[in-house]
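Chain IDs A, B, C, D, E and F follow the sequence of writing; residue 1 opens each chain.
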Amino acid sequence: MDMIIQIIRTTGFANLEWGNIIMIIVGCIAIYLAIVKKYEPLLLLPIGFGVIVGNIPYIQGLPLGVYDTIASGAPQNSVFSLIYFGVTSGIFPPLIFLGIGAMTDFSSLISNPKLVLLGAAAQIGIFITYLGALLLGFTNLEAASIGIIGGADGPTSIFLSSQLAPHLLGPIAIAAYSYMALVPLIQPPIMKLLTTAKERKIRMKPARKVTQREKILFPIIVVIVAALIAPGSLPLVGMLMLGNLLKESGVTDRLSKTAGNSLLNICTILLSFAVGASTQATRYVDGVNVGFLTQKSLGIFFLGLFSFSIATFGGLLFAKFMNLFLKEKINPLIGAAGVSAVPDSARVVQHFARLYDKDNYLLFHAMAPNVAGVIGSAIAAGVFIAIFR
Amino acid sequence: MDMIIQIIRTTGFANLEWGNIIMIIVGCIAIYLAIVKKYEPLLLLPIGFGVIVGNIPYIQGLPLGVYDTIASGAPQNSVFSLIYFGVTSGIFPPLIFLGIGAMTDFSSLISNPKLVLLGAAAQIGIFITYLGALLLGFTNLEAASIGIIGGADGPTSIFLSSQLAPHLLGPIAIAAYSYMALVPLIQPPIMKLLTTAKERKIRMKPARKVTQREKILFPIIVVIVAALIAPGSLPLVGMLMLGNLLKESGVTDRLSKTAGNSLLNICTILLSFAVGASTQATRYVDGVNVGFLTQKSLGIFFLGLFSFSIATFGGLLFAKFMNLFLKEKINPLIGAAGVSAVPDSARVVQHFARLYDKDNYLLFHAMAPNVAGVIGSAIAAGVFIAIFR
Amino acid sequence: MDMIIQIIRTTGFANLEWGNIIMIIVGCIAIYLAIVKKYEPLLLLPIGFGVIVGNIPYIQGLPLGVYDTIASGAPQNSVFSLIYFGVTSGIFPPLIFLGIGAMTDFSSLISNPKLVLLGAAAQIGIFITYLGALLLGFTNLEAASIGIIGGADGPTSIFLSSQLAPHLLGPIAIAAYSYMALVPLIQPPIMKLLTTAKERKIRMKPARKVTQREKILFPIIVVIVAALIAPGSLPLVGMLMLGNLLKESGVTDRLSKTAGNSLLNICTILLSFAVGASTQATRYVDGVNVGFLTQKSLGIFFLGLFSFSIATFGGLLFAKFMNLFLKEKINPLIGAAGVSAVPDSARVVQHFARLYDKDNYLLFHAMAPNVAGVIGSAIAAGVFIAIFR
Amino acid sequence: MIENILQNDGLNIALSGIIVVFAGLILIAVTIHLFNKFFEKLHRQTERQTAPPKPAEKQPIIKKTIPLTDEELVVIATAIECYRRIHFETLQSQITFKHGEQQSAWKSGQRFGQRLTITRKL
Amino acid sequence: MIENILQNDGLNIALSGIIVVFAGLILIAVTIHLFNKFFEKLHRQTERQTAPPKPAEKQPIIKKTIPLTDEELVVIATAIECYRRIHFETLQSQITFKHGEQQSAWKSGQRFGQRLTITRKL
Amino acid sequence: MIENILQNDGLNIALSGIIVVFAGLILIAVTIHLFNKFFEKLHRQTERQTAPPKPAEKQPIIKKTIPLTDEELVVIATAIECYRRIHFETLQSQITFKHGEQQSAWKSGQRFGQRLTITRKL
């Protein structure tokens, strides 16, 4: 009889708190959005499932959750903590970038290099949000990690948080992925606000064809320049460009296929699941609740939305600014693609432009600031690492 | 000349013992059964090869075997010990379950939920064997690990042993996989003993078609319920259901394919090989022989056979018991499938039933207790972890 | 303003040295050779890229490079150090051998076992180079690691260096892969020198067909014999033969495909990149420069070329020596294939022979010493490990 | 060694264990059952209002874009089936089935979407 | 909490940060631009002397070895396209595109080499 | 620096090393040879009693289930070969071969089972 009671004490039912129930519902909503609304399913689905798993309560002492390591006092490193190590050690994001690089075509950027400026301009969202986070009372390291949400790039956000503010990794990652999924809702109103109907109808000249040689040189140039400017961006930019070189070289198909397929998928599953499982509703470290359901998370979600908006503003306004000097005007809408959120924000641009001129295809042009934004936010992360490490 | 003698002293020939030779022959037999008899080749082949590798003797001090870690006094962690870490840390089994989940169809269970009871009943084998192991003088932790062999589920057995009794991992894993391979020999006599000819001919109604929505809800429900009841089952059930959700969602094909293919295969190779290589005939820790060729292993193999039999008894008898209350009788043979050993025991049921009525197709029905047995033994493992950790 | 200066101080530009520039150019050359000349692109491309990445300078304290671990005083283990751990721990080479085994056909060797002698003879290059390295003042451990370059087998060289002389891993690995790529330039002059026109025209009888049973027995025999003779070769030979058994058994296709594809590719990318990234031009440990651009590296490159030549000599001369006793003469050219460098040196043999008799197809015959050379150098590595560990 | 069981509280542990296993699986069964009922009801209600658009989405895109005669389809399907058998079948069947050939739910492996109804005509 | 910004030197950091980002990307753009110019010039010079042999190498080996009539090619291409759509398309499109069907540079995924011009005729 | 060799017992080590390498490889060769002889003998004995059923099992399942005319087979094989070349060939050949096209034992890559004899007729 005692035994049954002891077992019941170890069940989740006995330890369930309201916070856990809320988080389990949040996890279910994420899964719903992933499956029914098709919002970033490759990420939101395992994240949502991870949120459920991470909020099944269990009696203290069992080595089950992502935070149960020998270092934190558990009798052994739990399985989930070993998976989570791939996140906190910062190794999954660069490996994911390796895979993304092996699948990304940078032609658009190569054929029209001046559009990288838009990708740079959108990163203003990162730095203004960093200031905003300081304003709300976050520490320097936390503020930098929160600011990077404005980079609209999951692996970059996770990488920077893992290096600077691992305790906020869960909310930062989830905010980043959520807003990336919501880009089609966030950006259009801002586009409408900042552009005139005439601007939206600007058509752009078809881009010239890029040679294989240029495509091969691109990753080498980018890694040298970006890393010389901001060595801290090496893990991200280095791996992204290695993947791209494997793809474009034409002699290592075998490697680029595996990088962009098996390796990417394995890392995606494990990273997303572990990030989800790190969102325990309440969690006490030295008596302080560092769980997911705290004011800090609320602040992070607010700042995340803010940073996506600022980034969109930045990209759009800078495109208009560039038009002051350019003979051949660019369509300022493509500035909004500078936030990254590859390739969603580029698709939003295309979709929005076609509402006003249904034969205006901007997707290819929007890809240039789109991928430049990825490099830009990796450099921004590198700057933060250089300053704060 | 001294050099040659020194080198000869380091060769395997100089250190070979009878135990090693016996084990190398055992390894060869396992490979033979895998290739010629096609008994679980995906597991027995690398295990058999691992047994050979693990029983090549070498002079002490060389960091070669799975047990040669810095922690155990070796000059460095051997390569095989790094692979074996994936077993002892318990990470391979959940990753394998991720892959299995991504390949398993739970339709049968969803369409006829009451059959889960059979999957529960067969787990009686686990707990009776646990008592039997205590009787034979094993400690509590050892007994629990040995009992789980009755779950007829390799990853679950390995996971539990790695957590509770890592020193018995080799014999437990090999007993589990051996008897799973021998299910077609173990179960039919018991089926014959416990069922009447009339019972064996009972036909079951074709199952209704299961909607995608039900299939998607299933993994979410299972993980929440199972983990709330037995949080210790989270690593296994959580990963199994994550894999299944990736498969059934229809929006993450890319991930489920990699989980069920590359990731599963890599983990299978490494786990099986490492488990095999952990079976050194004799191995002394603090002067005590904890090698494979000890009485303990004999006891484990005996108890393993016992537990498979009890589990089959349990499933069959419970099916007959259920028939006392059911209007629509079930064929009690499918109870035997409750032991897991997916999908072999379900196939044994089908094969056995067709001996008496060659148009009686029970396979689909037998899959329900079959997969329920997997969840059941994962829960049982969770209970043991909750009690003994 | 201070901030800008501080940031500039952290940029690569501020820390760039001539050595770095030279190495970056070396990296670009490697990439050029890989892409344009198609010299071992699967290895030289990621190595070259790694060389570039590893020579981007950064301010001390940032945890970025492969050597920045907590153990070496960095604030945390850098991402690249985690990847490099797969090299230094010695785990990548055996996993690569697993994949290579799963793709290699040993038929040629099985059908004509006496040709293994050629594979043995070519290993003389290893031991003479070992003596040469001692002559040049290297330590015993260093000399052994340098000697193994003559094995003409990348994973074996890297594995042995990681165990005996990790500080020389970069130059040894790069020398090994470079000369393997240059085999078509290194070997023909030596072939010309040592063979008469008549010898070059010797045709060999078509080999008999090998049964599946023989192919299955082969890996088992090899692992038992090789490991008993030289237990230190277990990690390499064991994994190579496990992969081959998975392939030949015919019942584990699923596993051999993953081993020879995803797993092999992932390990190849990470190993090559990390090896490349370990070649920092200058690097100070305890005030001593242990970087790539030192005299030691020069010595290693010189000895590497020497060892390839000696190995080729050894194989060719031994083939001529065998012909003194054989009734059915072998074409001595195939002795040159004993150096390994699979399958390049076998192809060089075929190509060279066809210059003198365009219908003389030696490729299949040359594969026998070619793969025997792989086993031979793994045994040689095992001997060194047994002596020096 | 019956005292080993008693000392270790073995009977209690075994009994509690099997109870938890039953409890867990029964709870799963009940929850699934309830959800099934719920959606069935929901389905019957919505059925009257609108035709389900989902099957259309599940259909492969083929129909939309390639108009083919039956013969062509047979040829193509044969090629695919043939290709599939060479490259995938062995693989597939070895994963889960070791001693037989018959079709089954376990083997059906719809995750690869390789079973076109048309190939069954062959 | 404006003092939190001041204490942490926030404005300086933010300003420096955005400057470095711009500097980095501009430098990349300029370098790419210069290389493009350089190769263009080089290309124009070499163009007069020799026809580029590279495209021939890139072409799949098909043409060299299998002479086929147009009808056969159509049948084969259909089979391949069909197979591809069943097995690869869903995968492909789900990687990068979530809400649409339209062709684009991003989606073109030439890395799998699956887009034969001939299939477009269908 | 000849003393470096002497101090380190280099000659001894080198000599022992090459001896072990030879010993190992010769032992492997001998064992293989013995097994080959043994099975050959065994084979000759069993041959008189029964026809080997193994090849039937190795044969792909095609023959059992799809009766096809020669033309159909050619079309299908072409499709497969074509598909294979597009998707697998590059991969394959890059693994092991870098400078040539000729067929060889090393390249034959039967592990993918892609080489149907029939395709050779094309």
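Note that in this section a contact is a pair of C-beta atoms (placed from the backbone, for glycine too) under 8 Å apart; a residue touches a chain by one contact, two chains touch by 3 or more.
Keep in mind it's a predicted model, so treat the numbers as computed, not measured.
Colleague: Taking all residue numbers at the chain A/chain B interface, are over half used by both copies (same) or under half (different)?
Modeller: different
Colleague: Same interface as A-D shows up in which of C-E, C-F or A-E, over half of contact pairs matched?
Modeller: C-E
Colleague: State, to the nearest whole Å, the distance from the C-alpha centre of chain A to the C-alpha centre of chain C.
Modeller: Distance between chain centres, rounded to whole Å: 39 Å.
Colleague: How big is the gap, in whole Å, between where the Cα atoms of chain B centre and where those of chain E centre?
Modeller: Result: the chain centres lie 46 Å from each other.
Colleague: Measuring centre to centre with CA averages, how many angstrom lie between chain B and chain F?
Modeller: 33
Colleague: Quick one: which residues in chain B touch 2 or more of the other chains?
Modeller: Residues 7, 38, 41-42, 229-230, 250-254, 257, 261-262, 383, 387.
Colleague: Would you mind listing the residues of chain E that make contact with two or more other chains?
Modeller: 13, 15-16, 20, 75, 79, 83, 90, 94-95, 112
Colleague: Going by the contact rule set out above, which residues of chain D touch chain A in the complex?
Modeller: Residues 9, 12-13, 15-16, 19-20.
Colleague: Quick check: in the complex, which residue numbers of chain A touch chain E?
Modeller: Residue list for chain A touching chain E: 38-42, 102-103, 105, 107-110, 113-114, 116-117, 119-121, 123-124, 126-128, 130-131, 134-137, 139-140, 143, 184, 211-214, 217-218, 221-222, 225-226, 229-230, 247, 250, 253, 256-257, 260, 342-344, 346-347, 350, 363-364, 367, 372, 375-376, 379-380, 383-384, 387.
Colleague: For chain C, which residues count as touching chain A in their complex?
Modeller: So the residues of chain C in touch with chain A come to 3, 6-7, 10-13, 16, 24, 28, 31, 34-35, 38, 41-42, 45-46, 49, 52-53, 56-59, 61-64, 75-80, 82-83, 261-262, 265-266, 268-269, 273.
Colleague: For chain E, which residues are in contact with chain A within the complex?
Modeller: Against chain A, chain E makes touches at 1-2, 4-5, 8, 10-11, 13-18, 20-33, 35-36, 39, 54, 58, 94-100, 102, 104-106, 108-112.
Colleague: In the complex of these two chains, what residues of chain C are touching chain B?
Modeller: Where chain C meets chain B, its residues are 89-91, 94, 98, 163, 216, 219-220, 223-224, 227-232, 234-235, 238, 241-242, 245-246, 249-252, 254-255, 257-259, 261-263, 383, 385-387, 389.
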